[in-house]
């Protein structure tokens, strides 16, 4: 098993990143900071003759990384009650990958497992439900199981450490990921 | 009353734009194609000393337009079960406007009315519910009432015209907007 | 095609019934007022040796009617943001029918189509979304397609007639049901 | 602080009851098994002249208990993706209490805190979201804060003990309730 964190946070060392670190403590993984990659919004050419034009940005590199891992952790702050813009731009481009003849994106995704970690400031255990539902539909579309999610509550830097429940859930996910790792290797 | 359409679609003459046109038939309005404006993802400096740095893109122009209208129509295709990336980037930047001393963004937004129009291909009347809920929470945050929404079903170009129900709802919204206009002017 | 209305309202001539009448104008159908039938809450014996005991109430009669129709209209007021108690008691008992050896409930349901009509007083087009989602999951469980739903807004008796949008949607559903009928018979 | 468990499960010693017990270990509380009380579906007389007729069942007794506690734990299995029929019948009757001149139901409820515990068999961490949202709207209506919820996964008797995450969440809620108690008394 190899884990890729798709980090959608829009600042360094924010609460989402802190919680991600707790989840991944002691677990080898690779992390991509989406905000440090240049990923343009999709130019929707699904119905254009000739299909999608190649785009000169970092999306291809990121998707190549995605294809090399079997477990994806989507980590994002709750911005305006859904995933961050950088993560949305990234996911929107999947429409392009679905039509990319260089690989079979859908089949590849269907063989992975997804986890979701979100942190929000405004009652996220209720108000981030639509976010989770939206990602669930997204993963369903490519037949990638959503194995679990955790929702933390924090706004100011460092506040996540006061959310005992989120800390506990991070421990649960840490144990689950270690277990998964062990069961594959062992 | 003056209407601004914030158009989040990512292709010309797509179904979302077609349905928007039906909604606005015979009604003076201004439309902003978000995909034609350069709006960068937010650099989250809410908790940075000194606050947000100015960003050299078109966001300021768009928000100035927003402030000059009292009725906003958010039109977006359903991309991966939520609003398009270009619309998400735009809304994410509201966090910056909330801290912008040049105007009182929250008070200004609270005096507007919002409508939402979305078009999706995969059972949108069920699977776009999280999208609507997310926008509802967003508008609640700035105390802007969501006066109504319509959901259309279409994927291929032009398909929206086969969705009788969406066409009928567009007529309803067209009548509602005309009525609103009349009641203010008349 | 034959239509059965499962009426979950808890008073005579309420808004839900009024809207149902508009939907069914000119269309032969049978209606069951669930409140007039004695349907006990489920006694959950799914895991009891010997399974469910027979229950002496009207549930069996109702389910026999259900099995004789191919189109079901679930009509219910929004009570406390979900279906009424009488409708919930009825649906809970499906767990019993799923284990009833006299018929193949799941296969029979999978051959029907479902429509939903709800009327609520407190912003139902947003706050009845969970109700619709819950019924969608319910119908998915028995592989019965949810062909459409309409949401009306009303509290006081007769108020539904002021909800132009609901009236219009009732007309849409009326046309859809007539069409369905025609396409089967014609 | 005094805790009342409103138990909506429909069988003895089911998973919902087991998880409730873990939550309440070592904490004094009172529990009402709703299935053992006779609570009729509401006869909706909100708009009837003279209002609601008295109903000869156990609802009054239950509501009197409710009014004597400041913390309510709503425990229910997920039946067909929402609360059980016996719990729905109970909550539907709140419409009657809202109009009951013997006490000020809304003000009384606004002074309580609510917790929710649900156990479902079919992907409840996703598919019980509408249930939680529905209860959130319900509690909002009477201004009673929803302080937290836990969702467990189990179908067969005893299965809940295999859901490590639910067990851990039960421990979290147990600690939270003990803390609450201490902070009031101490």
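To keep things simple, chains are lettered A, B, C and D as they appear, and every chain counts its residues starting from 1.
What we mean here is this: contacts are C-beta pairs under 8 Å (C-beta built on N, C-alpha and C of every residue); 3 or more make two chains touch, one makes a residue touch a chain.
Computed from a predicted model, the values in this text were never measured in an experiment.
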item	value
Maximum centroid distance from subunit C, chain identifier (CA atoms)	A
Shared interface numbering between subunit B and subunit A [over half = same, under half = different]	same
Centroid distance [mean C-alpha coordinates] between subunit D and subunit A, Å	34
Distance between the centres, which are taken as Cα means, of subunit B and subunit A, whole angstrom	25
Cα-centroid distance, subunit B relative to subunit D, in whole angstrom	38
Of all residues in subunit C, the ones touching two or more other chains	129, 133
Chains that touch, pairwise	A-B, A-D, B-C, C-D
List of subunit A residues in touch with subunit B within their complex	9-11, 14, 35, 41-45, 47-48, 77, 79-86, 88-89, 91-92, 94-95, 122, 127, 129-131, 133-135, 137-138, 141, 156-157
Residues of subunit A touching subunit D in the complex	125-126, 129, 132-133, 136, 146, 148-149, 164-165, 168-169, 171-172, 175
